[in-house]
Amino acid sequence: MIARGFHIERGGRAGAAWALAAAVALAAAPAYASSATLGLLAQVFAYIALASLWNLLAGFSGLVSVGQQAYVGLGGYCLFALTMFAGVPPLLAIPLAGVVGAALSIPVAALLFRLRGAYFAIGSWVMAEVFRLLASQISALGGGSGASLPIRVVAAVAASRQAREFAIYWASLALALLVIGLIVWLLRSRWGLALRAIHFDEAAASANGVDVRRVKFVVYGLAAFGTSMAGALIFLQKLRISPDAAFSVNDWTAYVIFMTVIGGVGRIEGPVVGAIVFFALRLTLSDLGSLYLLMLGVVAIAAMLKAPKGLWGAFAEKTGFEFAPLGQRVVYDNQTGKPAAAAGGQGDKP
Amino acid sequence: MPDAPLLKVANLDAFYGDFQALRGVSLDIAAGEIVAIVGANGAGKSTLLKTIAGQIRAPRGAITFDGEAIGGERAHAVVRRGIALVPEGRRLFSSLSVEENLAIGAQSGRSGGWTLSRVQQLFPALGERARQPSHSLSGGQQQMVAIGRALMSNPRLLLCDEISLGLSPLIVRDIYAVLPDIAAEGVAIAIVEQDVARALAASRRVVCLREGRVVLAGLSQDATREAIAAAYFGV
Amino acid sequence: MEWANSILQGVLTGGLYALFAAGLSLIFGVMRLVNIAHGDLIVLAAYLALVVTQTLGVDPLTSLALVAPGMALIGYGLQRFLLNHTLGDDLLPPLLVTFGLSVIVQNGLLEVFTADSRRLQAGGLETAAWPVMPGLSVGALPALQFAVAVAVVGGLQLLFYKTAIGRAFRAVSDDAETAELVGLDNRHVFALAMALSLAIVAIAGVFLAVRANFDPSIGPARLIFGFEAVIIGGLGNLWGTLAGGIILGVAQAVGAKIDPGWQLLAGHIAFLAVLAFRPEGLFPRVRH
C-alpha cells in the first residue's frame, strides 16, 4: 500500500492581498506625492520591470544575458522613430516598441542560442553592440550624437506638464505590474513547470518531452517585449536619446544585475526589493560617482558568494512568507519536512 | 591483531545531502591484506571507498591511516599519504594518451617501486599502446590503465571500485590475477565487488554492508554462501 | 594596393586579437570559466605598464618583466580566493562575479587614473616601418606584435602537450574530480591556469597601450574582440583562435576601408555570419 505522506498547497492569498493594497496606494500617488517623487518612482518602476525580466531570463530560465541593453535602446529608438516619423501617439508607441522588440528577438535568439551557457552571455553583449553601432548609423535620429524628442511629440502625451507627469507615472506603474503579473502567470502555467524542469536538468527535461528550444524562445521573446517597452518609457521620460545612453551596459545591465542579485535571484520579489534598495542607496550615495558603482560591484559579489538567495531570500527563509508562491508546494506531513524515503535506492551512486 | 592496522575506520557516518549513506561503519585493514567489501546496490560500498579517498567529507578522527587522523582531508592530499582509489567506471582522462594517463598517476610525488616500466611489465598491453589515446583501448585495457595509474602513486593502500564491471570473465580473471602480486609488496587492497564468489576467492577477509551498516565481517574462507546471502538481503 | 595594405594591417591587428583571445580560451578550456572581466584586466595591465614605465623610466616592452609576473600573481590570487568559490554546476555565480569584477576594475581605474586617454611611448618603435613594395609597408610594431602572438600560441600549444603542467591542465579539464584522485590539487591547478591567462593578458595589455590610446572604459570591447576570435576560430583550437583573430582583424580593416563607421560593425558581422553558418567555428578541434 502506498501512504501519501504529503499534500499539495497553493497558498499566497495573504501575499496577494498585500500586493493589491500596495498597488492601489501607488496608483493613487499622484494625489499626494510631489512631482519629483513621482519622477523617481517612475524610474524605480522601470527598473523593477527591467530587473524582473532579467531575473526571468537568468534566474528562472538559465539564460544569463549581459546584453539586455540591446532592447532598452531598441525600445527607446522605436519610440523616437514611431512618434517623430509616423506620428504615432507616444503612449501607443510604447506597446508598439514592445512588439518590434519581440519580433526582432526571434532572429536574434536563433543566432544567440547557438552559444552555450556563458558564451551566450557574451554573445548577447555583442548583439547589443551591433544594435548600438546600427543606431549610430541612423542619421535621421542624429547618428552618433543622438536626438531630442520634438516639442510636438512631448505635447502629444498630454497637454499640461502635470498631466504628462501623471501619464508617465501611471504608464510606468502599469508596466511594472504588467511585467510582474506576466511573469507570475508564466511561471505558474505549464511553461513555468517546463522552465523549472529545464533549469533543474536540461537533458532530463528534454528527454521528458519538454521542447527546450521553444520554451527558451518564448521566454527570451517575452523578455525582449517587456524590456523594449521599458526602454521606450524610460526615454519618453528622458526626452533625449543617443546610442551611448540607449545601449549603456552600466545603466541597463550592470545596475539591473546588481539589484537582482542583491534582492534575490530566482524569486519574484527579489528584483522589486533590489530596485528599492538600489534607489535608496543611490539617493544617499549619489555623489560618490564611480565609487558607487565600484561599491555595488563589491556588494553584488559578496552577495553572490555569501548570500546567493539575496535579501528577499534570506527574509523569506526566516519568515516563510512569499508574496507570489510559484505553483504548488508539496508539504510533507511528517515532522522532518523531508521526503521520508525519497532517497531510497540511490545512495551508492548519486 | 598484533600490529596497529594500516587503515582504521571508526564509527564512520557519511551523507549525500540529507541522505545518510554510511551509518557507524568500522573497519581495519592491515598492510599487505586484501579485504573484500560486498553488498547490494546502494549498500554504501562505493561511498565507503570514496570517503576513505577523501572525495566525500568525513570527521577528522573517523579515518586513521598509518596512525594519523586523515578524515576530512581532500582527495589530492589523501593520495599523497599513500591511498589510491581506482574509481568505478575507470574514469581515464580522455584527452591524455595511455602513457600520459599512467604518468599523471605519479603526480603525487611519492617514491617507491612502481614506475612506468614496471606498470608496463605488469600489463604488457599498455606498453604496446603507450602513445594511443586512452579512449581507443578496450574496456579491459582501460581498467588496466586505471589500476596502473593508481599504482604509479606508490600507494600503501589501493582501493578498487568495481574493477570487473562490464568486462568479460577472461579479462576479469587476468586483472584479478595481478592483485596478489601487488599485495605481496606490502600494499593493502580493498576491493568493492558485485561478484561475491570472485571477491571471496581474491580476499583474506570480507565485510558485507547493508543500508550503510556493516552486517557481517570475517575471514573470507569461513564465509558461507548462506551467511553472505543472509547478510546481503537481511533475511 | 590600398586594399592590400588595409588587409595586411588587418592581419597584423588580428595578432593582437589572438592575444586577447588566448587567455580567455585557456581558462575556458581548463575550467569552463568565462571571465567577463578579461577585457578590463587587459586595460589594468596597460595601466600597470604605464606606472612601471613612468616610475622606472623603462620602455613598455621591458616593463613586461614586471607587469607579466604582477598580473600572473593577481590572477593566481583572484582564482584562489575568489573565482574558485564560484565554480560548480550553476552558471550564474562565475558570470556574475566576473561581471562584478569587470565593473570594479573599470571604476577603480577611473577613480585612480581618471577618464583621460593615455598612451605608452615605445621610443620610435611605433613609427618604424619596412616598405614591402611601393604603397605597402609593414610597421615594426604590428609585425612584432604579430610575431609575439604566434609565439604565444605556439608556446601554449607546447605547454599543453609537452609539459607536466599542460598535462595537468588537460586532466582537470577532462575530469576534475578524478584529477584530485591522482593527487592534483584542482584549486591550485585552476589558479595556475588563471595566472598564465593573466600573464598573456599583460602582454596583450602592453601591446594595446603602445598601439593606441586607452582609457578605463575600453575593456569590454577587448573582451568582445577576444571572444569573437575564439568563436570564429572554433572552441578549443589555439591555432584556430589565431586564425579567428586574423579574420576579425581583416573584416574590421575592410569595413573601415568602406566607411570608417563600419569598422566595428564589419567585425561583428563576420562573427554573426560564422555563428549563422558554422556555429562550431571555422576550425573546430578534431578529436585525436
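Think of it as A, B and C in the order they're written, each chain with its own count starting at 1.
Heads up, the rule we're going with is that a contact is a pair of C-beta atoms (placed from the backbone, for glycine too) under 8 Å apart; a residue touches a chain by one contact, two chains touch by 3 or more.
Note that the coordinates shown come from a computational prediction; the quantities given were computed from them, not determined experimentally.
> Two chains share more C-beta contact pairs than any other pair here; which two are they?
Maximum number of inter-chain contact pairs occurs for A-C.
> State the chain with the largest centre-to-centre distance from subunit C, centres being mean CA positions.
So the chain farthest away from subunit C turns out to be B.
> Let me have the rounded angstrom distance from the C-alpha centre of subunit A over to the C-alpha centre of subunit B, please.
Each chain's C-alpha centroid was found; their separation is 51 Å.
> Would you kindly tell me how far, in whole Å, the mean C-alpha position of subunit C lies from that of subunit A?
About 32 Å, centre to centre.
> Averaged over CA atoms, how far is the centre of subunit B from the centre of subunit C? Could you give it in whole Å?
44
> Two or more other chains touching the same residue: where does that happen in subunit A?
Within subunit A, no residue touches at least two other chains.
> Of all residues in subunit C, which touch subunit A in the complex?
28, 32-34, 36, 82, 85-86, 91-97, 99-104, 107-108, 110-111, 220-221, 223-224, 227-228, 231, 261, 264-265, 268-269, 271-272, 275-276, 279
> Any idea which subunit B residues touch subunit C in the complex?
53-55, 74-77, 79-80, 84-85, 87, 91, 93-96, 100, 103-105, 107-109, 133, 149, 153
> If we count contacts the way the header does, which residues on subunit A are in touch with subunit C in the complex?
Residues 58-59, 62, 64, 66, 111, 114-115, 117-119, 121-123, 125-126, 129-130, 133-134, 136-137, 249-250, 254, 257-258, 261, 265, 290-291, 293-294, 296-298, 300-301, 304-305, 308 of subunit A touch subunit C in their complex.
> For subunit C, which residues are in contact with subunit B within the complex?
Residues in contact with subunit B: 164, 167-168, 170-171, 173-175, 177-186, 288.
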